[in-house]
């Protein structure tokens, strides 16, 4: 990715999430709260740094992207309003948008129902991407 | 236009209101550091940017000024704690109104400049002069009676 | 209307109020005048119809100084002005008995007169009147819709609720059907040259009669700065280019954050200058820069120009 | 009597404007006001609509410079001895440059009979001793082309003052005109009028004097139907000072008055002015501008006089028009143009004042 | 008309090199009002000043314009010079033709032209100058300290020792404040009581100090040097002069045994009777009756305390008393509290009694505390074997739950707590979850390192996300170790929360009464963050302790001393000179609309009904009045005033417009 592309993506993530990753003070309360912590390769407290450093590629290709349960614990508890849950969700949307019109269809869902994918993700994703 | 420029270079008339505690001192520092800026800038000392009544600014334009700049302490550093905050709101609204009436944006400016920022003061004045110069003589707010 | 007159008569008779500020029947179909009624008997001339556009709140400044309470008829939008006057300690709340009179929008006689010369009578303008008003002139009769003859300000009505009142008489209607800031936005979108030409064209008509200032409830200064010989701003001349602009900018600035957008300035201008465009620009800017603010909604609220936050935008970053 | 097609008026105007300044009603930002004719100015509807201000500015402008004062300093090298160099008194001289008087003819088109009568009122003030030179010069050079009122409005009441809006040739105008169908009839009255007519003769066709009879009759009948033309002036005029001045009616009716100058500035006869100084770039400009007796600082003196309350100011204006002026010049200084009736922000006006006194009298009579 | 003398300085070649001084003299000579113009090599020199004085006398000058260096440099000099010659010092204006002209312009013609313009502006201004007199106001030689914590105590002692009378107003029944609740202090581990109690006693016995405990400030009027303060002395129900402090009443109060009234001093960790002293060493050692809870006051029955009091000091009839006292200066030392933790549900503070705040821990470790200094869990009174400390609870938090600032003291007291616990019970396992450890203070980092190196306290870089009370009575702590990048699930016996500090709730009311400004977090604002850190922008109001911002005890004590010196400096004056360049209201034009008062940073504008007489006016109405002692001359009111009634002396509307006019000529 060129520098401009990265910048554009960073801006997009900020815009979608409404969060400012620069506000992160690396306290770790998000990771301390995260029920999916052990499943993740990139940990919640690292999301902000990945975005600040422009390493969007690693973030979107990480396992964490799909491991986040969207349980909102980190969003609720983050003392700096960085809210990693929103950041990672924004990154997910970024990926979804890049796939073009290839959104989730209701009929595809049964196929996706395996044990690895948390149900909450499916429900929330379905709600969001169907339209 | 280009022919006129060759004959006599246009010299704008610029009135600067500087607060006594920060910007006026900043201007003094620019002076003692020999940082030059055009002589077109004439400074009026006021105790605080909050003292600048919008009428002074309009008066300057009425009397033939081509640009008006207000300098005060940085927000948070006002000698009187809050004067520049009020000034900031007043000037934002006033300048917006002048813009709305078709007076070029570049003729008005507010700059926060501390007593230590001689360089900034001089740079600001140079920039502002250039800008006003590029806009030419102010014809939209002057009073006909003040024309030479 | 008779109900209102009866109520006012009762208030005067039982001593609740010593006088009534309302409108007195005019000598033509459309020119009632603001009036102070002192006796129950004089109320026979009281009128309240579509032409009672005048904002009576300012008359309470003088009435506040009089002995006893004064009943004052205020339309919903006038109550904003009254609140603002309370905030500025210009009226005494306790000395006023506010009758919140209903309003379905007020009429612009200039609009009606356009193409209707020699008017002898106009009917159907009462609060409970019809959707059409009937105009009789010596040159012929005509019906026009009430809505089409509304004052411009009524198209951006602030709402049908009275902000302050002791009792309400009659029903009000929110007549807003236009964007409040549409006109301002139209000008904002112009080039500097067009803006300048627009205002120059309008303001060059100004005759410096001061009607806009003298009618304005926010211009309640005992002595205006433009009449103040000590300030060097005193000028009576409507002279050339600058003068009238200085006057109007400063006037708008002095009422910024206090102007309730009652529209009286534009209504009274003999030259039909849309003076509200200045005030509304300030209101729009204040809303945009410092959060929505409606002067006169809450008499306790701090005016945006006597307030600040640390994060206010910089004058150069207005966007 | 001449005539010209109304559609050709623009040609007429530019022809007149070729040789002299032409002032006429112009439509600008939705309003009709007298202004200087320029190619392309909007003259749509100017024949039938009342202007906001009267044409009085043409002779007595709202703002005019009287003279300029400048300071001259003798350069040091022109001095005879060095000692004088520091003496500011010796080296400073004040010069006064009076503003030039009007010295070119101009035409004012479209005044109505009431407006012309207004000029007559001004003449009383400015042309009697002491004569106002600035006014006199304008008056001498101005050529008034008056227009009969095609569509009088309900606020009109000029007939009350003996003015005939149907026939401007009875007024002090130089040329009288009428709208007759699609044509404008043109009748020079004075020598000045004849001279002007001569200059534009090529554009005019001749017409019979009787061409305007129908128009005159029509206007007269309309005037008859208008509500305010029945107004009675009984009780006003010469010698009524004490009676009217001390009446308590003023107190009853003045309250809505805002003290603005609208009535004054739209009035064809108000002639009060203020003289002020303005510091210009290199001197002082003395100018005069209209003033209004409704203003709180009108003729304000250091001690707080003259009139300290709005009721006094309000009384002054109407007393002046209806009592003091007749006392002094034997004519009312109201011409019934109705502009104040149209424009007062509070719907207060001279007609209401006259009616209020009439009612008072009736009630007093009933009580006796 | 003024008679103005213009003096143009060469400043050696500083000015004369680029500005044609002679030409300036020649050109300004003809300005209106100028009767004399001259130049000199060094105007500020002795000889230059002599020249000015001579000219004033010879030409009978009424105003001076000095064209020289910046007025910030020599305005005072020339004003003094004018005064020497009998001219009012405020009739002098300086045109800055050095810093703002000769030094920045190279072209001689250009610089000369500008110098003339600047001189003209100054001349035009002097034409409108009026003689101004410095005002004087007397000083009441008595200070008021609001708050009787360590900050207030220290300030009071320092002022009293300097020989001035001081009153302390304390809301609680005893002075001592937060510090009296503490066990030990960092980094020296002194016993807090041992160093505080003597000071409390000293205050009580000091001849210059009067204590108003169980009292509150009700209202403040006046201005610097002359405050009138209304103090409400709440009814104690015990006669202060009769009570011997024997404590009988406390012991016999039936409510004491019922254990229903939580002790405020012990943060609810134990209970107290209805008649009580907050703690044993209370000063004054006189109990109060808590009328809300007292059976006698609720039902009219009981009266035990009155019956058993050996000195008959209990008086149920006592009423609140309001006294008004005059002061010259006021110090705000209202201290702090910790934030409410209701919004931090994840830490289970409200769910488990074993999750406690640090102040509660202080009480638990204090020998005079509820457990006699024995650390135990409040649930089962067992000694905890494993303790988790969580830092930054509500501090550095940018949402509405907490506070955006660092509370500053937590890192140090947590290290202190950890070490004290380890000292007493070395086998206790201690984990501290931190974001950053901040130790900028003398011996601070050494102190913290000792906790790690000597006591092996386990510091974990990371935060706790959740504390889950377990059925077995233990607490499950879910946190993260950021350095290991591992999530931690840990069972512990006790969790201690380092809750953020915040200004005492009452400060907002007090600041309003004093017109002292407070910031977004309710901390009092200082007059200048760097140069006037212990003064409020409102003259005569001083700041001490946590009320101004988070700080530890040594800092508080040094600020207290600094505030005391400022107060003493003020009280040492018999009269205060007031700046004559103050705002002035012309009642003829004033509407009484309050706009000016709304923008005045000093509360210098009040309103009163005045009789206004003038041409055609004679009425009584509300107009603005400027208090010259408070007004600092910023002029904010003058630009806010719509009618132009408010004007600033020395920088009046006309003076500034005339400067504008002459510059634009």
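In this document, chain identifiers A, B, C, D and E correspond to the written order of the chains, with residue numbering beginning at 1 in each.
Rule of thumb we're sticking to: a residue touches a chain if its C-beta (ideal position, glycine included) is under 8 Å from a C-beta of that chain, and two chains touch if they have at least 3 such contacts.
Not measured: the values here are computed from a predicted model.
**Q** Supply the minimal count of touching-chain steps required to go from subunit A to subunit C.
**A** 2
**Q** Look at the interfaces D-E and C-D and say which one is made up of more C-beta pairs in contact.
**A** Between C-D and D-E, contacts are more numerous in C-D.
**Q** Could you tell me the distance, in whole angstrom, between the mean C-alpha positions of subunit B and subunit D?
**A** 44
**Q** Just give me the whole-number Å value for how far the CA centre of subunit A lies from that of subunit B.
**A** 48
**Q** Distance-wise, how many Å sit between the C-alpha centres of subunit B and subunit E, to the nearest whole number?
**A** Between these chains, centre-to-centre, one finds 36 Å.
**Q** What are the residue numbers in subunit E that touch two or more other chains?
**A** Residue numbers touching two or more other chains: 599, 640, 653, 657, 661, 664-665.
**Q** Please output the residue numbers of subunit A that touch at least 2 other chains, ranges allowed.
**A** Nothing qualifies.
**Q** When you check subunit D against every other chain, which residues touch at least two of them?
**A** Those would be 278, 281-282.
**Q** Mind listing the subunit E positions that touch subunit A in their complex?
**A** Per the stated touch rule, the residues are 346, 392, 394, 396-399, 401-402, 433, 435, 461-466, 478-480, 482, 485, 487-488.
**Q** Subunit E touches which residues of subunit C in the complex?
**A** 65, 87-90, 220-225, 228, 230-233, 254-255, 302-303, 305-307, 310
**Q** Quick check on the complex: what are the subunit A residues that touch subunit E?
**A** Checking each residue of subunit A against subunit E gives 23, 25-34, 37-38, 43, 45, 73-74, 76-77, 79-81.
**Q** Residues of subunit E touching subunit B in their complex?
**A** 70-73, 96, 98-101, 103-107, 110-111, 113-114, 117-118, 121, 517, 525, 527-529, 537, 581, 599, 601, 632-636, 638-640, 648, 651, 653, 656-657, 659-661, 663-665
**Q** Which subunit E residues qualify as touching subunit C in the complex?
**A** 520, 586, 588-595, 598-599, 607, 619, 622, 640, 642-644, 647, 653-654, 657-658
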